[in-house]
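Structure first, then comments.
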């Protein structure tokens, strides 16, 4: 059972847990969370985030599958184990003050695109009207870079790669991990989902174009 | 709130708003309206059209997401902002006296086909039985041309491109915008949807054939 | 309204109409009947068949969308117009005494495969376990030939092409028409649907293999 | 009717029959069991397994479509005929003491992958995060081999091929049969389904990568 610290508003936690469970079920129905992969979180306060418990079936997720972690990724008020990639979620909350929701999925398109562009280290999107679905982009003539980081089972390495990108001052709205999936976020769950939906669409378009232009 | 001018039959507006919301939800379920893209309209009278309010999630559209515009694309009886591409809808109503419904969607097939055929400036369909689903076509031996116009964030340029095509006296049942999506219409919502469904199918077939004939 | 001739058992007609409407709705949900294309029939008696009325939306089909025709394809007891391709259905009932149901659909896979193999005039399937879903085939080592006939808007030509194939004594379980779709049948609706489902699957596999073996 | 031997707990049989029917309906909805293909089983005791009766439509499966067989694949307490490939199920229960559920499906991806890799005799998966969904694999850097055995209508030959692989001491979590489908299993139905879902995903990714890297 999740016990709430006294400085956590139970209504806020309930809201986050429900929004996460809703997103998880709907994204699972699209086939983007195969075989218990993927994880989802929301910021509960400056110091805490709600995140999916490790290994649960995302198609059947409920509020009881959501737990609290602090911004170092440690469980708070529960014995449950958070998703292995919790450190990547809390990094987003630490680095982006406005981020309120982080989504990590694992669609076939995302996995294949990550492998295909791993050597290049990034996917450059341009010429697509739907780039405008990413907050801050107002024209198809902009360039939207999605980095592809090498995969590793050692989380601190992944965290360091993302930090290096950010410390270089490059814009970041999402990233892929090679052979794995995508991370994206937003100032609320709706924006995070719009970003995810747009990026899945754009990656699929890029793969199709590449198949057809060969 | 949408206020209705005295010369608008409330039942007619309600009918249009409901038909638009139904179409939007069903097309969203097919994945043709990713990330709040796409917009839909119906003619309410000679001077007015009902159209989707900008930025709403097409999968959850209701009557309250539909507003009135005049044929210059200005909001009528509401403070809401119409879809950015309203000018392309009202152009269809001005140029085609019989047009009663206009659909703009944004499927992966439509987006990819628009990029692939942008240089050629059109997609020529022939040899497909389903061309007969487009009103006026009675044989697979006909040629059905779908122009692909360059994309721009400046609506008057898009409007001018469509006008140029029409002023040249060429038949037009639908058009694509590069990197973007499709516009099509009909003498009622059913015909507009039949046109859209047939064109999505035919574009998909053309892409498949190209992949397979390489 | 459909009036039933005195020699038609109303329960038999009702059974056929319902089975056809069920099949149409379920096949439409798979996307195999785009833009009011496709048609379906069942044998009601030696002399009569129940068939879909022309131009109805297959996704919303009910019993009132089914009518009677004689084996020459003429409407019986109704003013409704049968599907344009009725002659191809009644030909199956005339040539195959055991045929009780005929299905014609129009999936993207069927349309693309028909274009791709039109020049060869047939698709030869071998090596697929699922060939065993076609009645009379008991091993993946058999060869299953699906002819592809040229398309024409003149039905008697299509009928003549099928007659020529059959008169040559070649086995026939289904055929494609170029740029169009598939016809298949069975000794009851369940067998016809099993044949259709297996052929859609096998055509899709052949297209995939061709893409991948290039 | 299925009669239960006195040493079979009716609750255990009911549990297995229900879990099999649930899995069958859900996998059929994904299109992985075309045209009555595919079969599913669970271990009921050391000596008995519950398995799908031959030829039933997997999309409409209920408890009455499940029967008992002994570990030689013979029907127990019923006149029904078990799936033709029962011997492959009982082999898994004999060779893997911990196996409690066996799934055999027949998706387009599985069928196409089996044809494409038949000559190589196996598909080697590496670099995919989702390999971790297979019990015993903890990193994307591992190699996961899925053998592809030649198809035959003679079950003992298939059984012998699997035995030869196992007798050579090679790890086995799943195998494909050429032009046919996949077999996989788990220590309970949830693990078997997770394995199946992960392998379908990984095979699809491999096919996509091959298409895109050409």
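When the chains are written out, they are named A, B, C and D in that same order, and each has its own residue count from 1.
Everything that follows uses one rule, which is that contacts are C-beta pairs under 8 Å (C-beta built on N, C-alpha and C of every residue); 3 or more make two chains touch, one makes a residue touch a chain.
On a predicted model such as this, the values are computed, not experimentally measured, just so you know.
Visitor: Listed by label, which chains are in contact with chain A and with chain C?
Guide: Touching chain A as well as chain C, we find B, D.
Visitor: Do chain C and chain D, two copies of one chain sequence, contact each other through the same residue numbers, with over half in common, or through different ones?
Guide: Looking at both copies, the contact residues mostly diverge.
Visitor: On a CA-centroid basis, which chain has its centre farthest from chain A's?
Guide: C
Visitor: Quick one: report the Å distance separating chain B from chain C, using the average Cα coordinate of each chain.
Guide: Chain centroid spacing, chain B to chain C, equals 33 Å.
Visitor: Distance-wise, how many Å sit between the C-alpha centres of chain B and chain D, to the nearest whole number?
Guide: Each chain reduced to its C-alpha mean, chain B and chain D end up 47 Å apart.
Visitor: Please list all residues of chain A that touch 2 or more other chains.
Guide: 211, 214, in rising order.
Visitor: Can you work out from the touch definition every pair of chains that touches here?
Guide: A-B, A-D, B-C, C-D
Visitor: Please output the residues of chain D touching chain C within their complex, sorted ascending.
Guide: For this pair, the touching residues of chain D are 34-37, 57, 106, 108, 111-112, 115-116, 151, 153, 177-181, 207, 210-211, 214.
Visitor: Where on chain C does chain D make contact in their complex?
Guide: Going by the criterion above, the answer is residues 127-130, 133, 138-141, 190, 194, 197-198, 200-201, 204-205, 208-209, 211-214.
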